[in-house]
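Can you read through this structure? Questions will come right after.
Labels for the chains are A, B, C and D, by order of writing; each one numbers its residues from 1.
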Amino acid sequence: MREALEGSQAIARAVALCEPDVVAAYPITPQTHIVENLSKLVADGELHTEFVSVESEFSAASVVLGAAASGARAYTASSSQGVLLMAEVLFNIAGMRIPLVMTVANRAVSAPLNIWNDHADSMAVRDSGWIQLHCENNQEAVDTTIQAFRISQETDLPVMVCMDGFVLTHTMEVIDIPTIAQVRKWLPPFEFKRALDPSDPKSLGALVGPDFFPEVRHSHHAAVTKALPVIEKTDRSWARAFKRGCGGLLTTEGPKDAKIGIIAMGSTVGTLRSGLAKTEDAGVRLIKLRAFRPLPEEALREATRGLDHLIVIDRAISPGLGGILGTEIKAVLYGTPDAPRIHNHAIGLGGRDIPETIVGDLLSAIEDPDATPFSVFDADLTMLPPEDR
Amino acid sequence: MSDNDTDQRAERLAELREKFGRHPVEPKKPFHQGASLRDRQPRFCALESGHRACQGCGEALAARLVMECAGPDVMVANATGCLEVFTTPWPQSAWQVPWVHSLFENSAAVASGMEAAMKARGKNTKILAFGGDGGTYDIGFQALSGMLERYHNILYVCYDNEAYMNTGIQRSSSTPHAASTTTSPAGPERMGKRHLKKDLLGIIAAHHIPYSASASVAYPADLQRKVRYAMGINGPTFLVVHSPCPLGWKHDSHLTIEVARRAVECGLFPIVEMERGELANVMPIREVRPVKDYLALQGRFGHLMKPDDPRAVEELTHLQALADYNITYFNLRGEGEDPADTVGISQVARDRAAGEA
Amino acid sequence: MVVINRGAHAEPGTSLEFKTGNWRSSECPVHVHAKAPCHAACPAGEDQQAWFAWLQEGHVEEAWRELVSKNPLPSVTGRVCPHPCETACNRTSIDSALAIHNVERWLGDEAVAKGWAYPVEAPAEDAPCVAIVGAGPGGLSAAYHCLRNGLRAEIFEALPEAGGLLRSAIPPTRLPRPALDAELNRLLALPGIKLNLRCKLGRDVGLDELKHSHAAVILAPGCGLSKEWNIDGAVPTDLHEGLHLLREFMDHGEFPEARRVAVHGGGNTAIDLCRLMKRHGVEQVTLITASALPGPDTDPEDLINVVPRELEEALEEGIEIIEHATVKRLIMKGSRMTGVEIVALKKLLGTDGRMHRVQFEGTERVVSVDMVIPCIGERVDPEGMHNLMNRWHYLDARDRWSRTPQENVHAIGDARGDRGTVAEAIGDGRLAVEAVAARLQGRADPVEDTRPEMPASGLNPVYFGRISRTAVPKLPVAERTFEAEIEGDIGRMAALREATRCLSCGNCLACDNCWVMCPDNAVIKTAELASDGSHYVFDLDFCKGCGICAKECPTGFIQMAEDTWHEGD
Amino acid sequence: MTSVIVGATARPYRSDTMIEYRIHGRGGQGSVAAAYLLASAAFEAGHTCQAFPSFGAERRGAPVTAFVRIDNQPIHLRSQVRTPDFLIVQDDTLLLDRGITDGLKPGGAMIVNSRRSDEDVAEAFSCRTKCIPATELALDYIGRPIPNTALLAAFLTMTGHLPVDALAAALKGRFKGAVLEKNLALVDAVAGMVPAGAWKESEDA
């Protein structure tokens, strides 16, 4: 049913539709409304779950770890500092191959303190071994959340659903919320074969020494990589059932013969699309990357085929290196014949508003003889003392 | 299998039902049944041989004692530490119950999740959380506090060996005053740890939980009674078990029990029980020993055993004063002989059942 | 080939694949069933710890059967024995010794009262028969152990009644005759024992004849004659020596007239005599002994050789005892004695390396008495055994089994000269018979119990609380007569309570300490596979050798030994 | 791997029919609620909508803004509203900031919660302005000084952009019982107080 809903409220509703056994979360801006909405659903009797009001994100992650390990469908959500406080547990959950779902309301990481949206938090835990899926709008966030439960249990991997803080979480828009009957039909009941069970008492989280560790790591890597077709397949199945998809691993839009491409993740894609509408003659291919982990290397090479220039939009940076997605895409395209030239820009860091006019600026920058391979594109360097530029 | 075994097993299950008011899960591999003598031992063995604890490890003993009266319908969340490392070097595990290790500081939280899962799935399996003093007094304290506050049906057991032993004997907030560790070494400028042992039970008591207690490996019967009691409570319970570490305390491996016993007998480790934060019971000390008897067995207090060094004398006196304080504060002297005091509870008798067997 | 599973989880109990037994660096635990000190100290060879174990479990008859497997006369020894077992008892390191002798007596009396059968079977009609000379405790023990060894026994007793010195030299106040008769009669009634009374060796039957007619001869004649006594050649005209006086009194109830008496000597006979005379009305009874009274610093070698409780009762009753003294001179007024001069004396090591009794000049003093009674010991009546006498006028028994130079002839008990208690005689009887039986069956001599003794330091006293010893009622001094037994019955409740005080030195209590306290779960509980009464075995595949089990074993049954001990298992 | 999902080309990215709103208020006055209410009303009227706050960390009393976009097609743009068609000002003290009308499209209009005259304000800011004493009205009808309902009712009545019924429907989604009735009564009252359709032409401006 279509409703005008705030993003966080919609996520809470989506989570409730998946009927998790255990939800544990600690409030943090801008994820707070998700927790509040879930709490209210529980209080109103609309969601029958063990809602564990933990004392920290660290415990939130630990609680869902324990719950999922005990055979419960588990969900948590966090943001920014909370994700970083969880970091240790996040690696642990993935390493133990425990299926569960977490929403990250993407937000910058301090210092300086900043509560606004960018991707620094989920990027900081990109190596944790989770699946990371980015959402362009709240409909995708809802759909991806439900898909994430299915992907998670099919792969024995935890899934992080990344949605931009405030820009999506606090935005009311028209969202089609599936019915519980539809979700029950589409999402199989939770099953975790290695679940703790007194009738088959396994030990989870053993110490693995040098004799076996590389193999265990390899298997984790292989598992995340092999999640690619699962993510795609799941979205196709969703699209068949609900008449709308979330874009599989990635989507491309624009003329087939485009020579310039722009690739981005999350809500920025919408603004870029809006901006491109004003420059229809530019012949630009817009690539929306949904799966950041696993990174769909083949799909990326195909999506960028024929391009001379590829503008890679990052919403977080790795100081001393530059854009993270940009660097990864360079690596993906390395050695590809006729690979496009990469123009890597970080925009909207710490919630800097991204106007649709930025599209024109980005396209102009391709021809800028002074352009650096990477820039914080919307930073006004004149505000900095010369020695800090 | 003899009828006798069947009876014992039925009895045990009946006892469990009585204790938990619920039907325990039948383990796939039942206890004290099977081909080998080891399988037929008349106790529930959740922590098998072949673990890699040091010789004379107090923690390994404590964990086995706890598990004996907690299992089999339990699941364990274990903090990082010796217990975790020495029981589960992949591909082996010494555990016979569902067991999960996540991290150093989150066993209480992982256990919370497990308990929530049990509630959500309509199961009664009791959850245990284990941590060492590092994972309980220090880094995992927040998660523990949260667990207690949220009133999870979990028994948290802290195996207190008074330092970070897993990483090689660094001081924790549980390390006793004046003990020497690698991060509180004794030297010309220092007499070991400068600070006091944290009064964890006092803090736990402030959570107003149904039951919290201290116990010692030196008194297995008392320890196991407390575990049984705690297992029967629907709510958060806490047990701190004094577990000597021969390596870290620097005593001979065969002295583990003796050292633990003297800690109790001198008053430095009071054995107490609290109900809703109120002192409900103590193990009286029938014959109080001077703290020196306890300290002298351990190398970590070696620097105090120098009567010519006024600093050593001062710290020794200080420790005696701390013990005296405990004895007064908890009224550990008791009132006459008591079958549950330090002497009474230790007494052995020829086992009639065994004798007739 | 290792297959790494998802998330690297581990299956339950798989640590059993990892044998930590090779972590033992030097020592491993072993079960050592050491001798309990009571057992080591018991001349009769009783294993008190073993029968207390039965009592601890409430099995009274089994306790008695265990007891009488060594000593057939517990009712007697429970009354007359100086109980070296109690002196040795490790419990003294915690509080005080067990009241072993009181419990022994109670067990003996229980058996009589309940008519429990001795654990013997009638020997075959054609079983070899052993001739036993003397029906005192040694001879009776020998006869009993013949049955235990499948032999028949024929006893030759010079007197008209069996019992030997039990009857002739021990006052009924210590050993009431009904108690003595009851136990003796039960014993003598056992099939396979033939008793010939009024049959004296040398008079009625000859040694050579016995050697010929019987498979072996065991001489247990006791010491029927008093040692000769004089002071520098002088003796009082009306000399009465102690054992004779005692026998006379027990037969006729009369003592010679005397107001003040000195008894010279230091054994049970001396004490018995002192007490009887005092009770008979003698104003002053003084015992002059070369030995020492018990005290904290008393050298056991120097201690007066009497039953401690008898000594205690004697002092209660007003007997004066002068220790470390001897009679140096008799002071006579004509034929009438007026006193004895005594002098201080001590046993000291001489330059020849042997102990000598040294008198100290200048310590002489006079004790006024009108009678001095020598009570310095007894000697063997050599009749019929002259060629078996050694130069100290005792029978020439040469080893543990009391063999004499003559083949198939053993000499046991007081007649050996190096014995002095009923228990020793009982022990001798058993050992001699065991040697005889072994020889008859073509076996080597029975192996001595070479197990080490468990010292108090080998126990862990933590596990035994202080429990005071049961005080047994005694007749008040004023009520003591010549017949009524002075020491009372401990009774069933107290006997069982006393049993709980037994530390079970060196033996497994099945207390579970090792099983409970092994951090490595390497102690396996099993009644079937365990040996020596234990209920546990060590799983050396996993034992890391920490030593906790040995340290925390209350009884010292677990000890740490060189690990090579178990090689080849 | 051939998994690229290629979207339709030549898809109209931007609608010419999108209307953008900027709501100025003070923390605690319900600016975000007003934005959500307006978006909900648009949804009730069959439009697509987007409403979001200015994501500030401001506390009660600080000037805040919220944004609403209403269209007949999917809304992709996520940036803040820089060139609003309309301004809704919840508190006339905010008018002290002369930059409040920055970016207001030519022909745009502003509705202000104020007892001042429309003309005074319009003159000061050189835009079409309607002032209504929304706080007083709210106190009269609802009993609480929340100006949103009155402002939105006045606004919708004047622009005719959405039927007033849509606002009623949106209110039904947020309130129940007596509170809802009072709000609906307020909507009716305000609708009668302002000139219906007065700003309707602005849509074409």
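Everything below uses one rule, namely that a residue touches a chain if its C-beta (ideal position, glycine included) is under 8 Å from a C-beta of that chain, and two chains touch if they have at least 3 such contacts.
Note that the structure is predicted; figures quoted are calculated from it, not measured.
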{"item": "Reference chain B; chain at largest CA-centroid distance", "value": "D"}
{"item": "Which of A-C and A-D has more C-beta pairs touching across its chains", "value": "A-D"}
{"item": "Most centrally placed chain, judged by C-alpha centres", "value": "B"}
{"item": "Chain A-chain C separation of Cα centroids, rounded to whole Å", "value": "90"}
{"item": "Rounded Å distance, chain B centre to chain D centre (Cα mean)", "value": "64"}
{"item": "Interchain centroid distance [CA atoms averaged], chain C/chain D, Å", "value": "112"}
{"item": "Distance from the mean Cα position of chain D to that of chain A, given in whole angstrom", "value": "32"}
{"item": "Multi-partner residues of chain B (each touching 2 or more other chains)", "value": "87-93, 95-97"}
{"item": "Multi-partner residues of chain A (each touching 2 or more other chains)", "value": "96, 201-206, 208, 212"}
{"item": "Of chain A, residues touching chain C in the complex", "value": "95-98, 156, 194, 201-206, 208, 212, 215-216, 219"}
{"item": "Of all residues in chain C, those that touch chain A in their complex", "value": "2, 4, 6-12"}
{"item": "Contact footprint of chain B on chain C as seen in their complex", "value": "2, 4, 8, 10-20, 23, 53, 56-58, 462-466, 500, 504, 509-513, 516-522, 524-527, 529, 535, 537, 539, 541-542, 544-548, 550-552, 554, 560"}
{"item": "Of chain B, residues touching chain A in the complex", "value": "24-28, 72-75, 77-78, 84-85, 87-93, 95-103, 105-106, 108-121, 125, 142-143, 145-146, 149-150"}
{"item": "Sites on chain B touched by chain C in the complex", "value": "29, 37-38, 41-42, 45, 47-58, 60-61, 64-65, 87-97, 217, 220, 246, 252-258, 261, 286, 337, 343-344, 346-352, 354-357"}
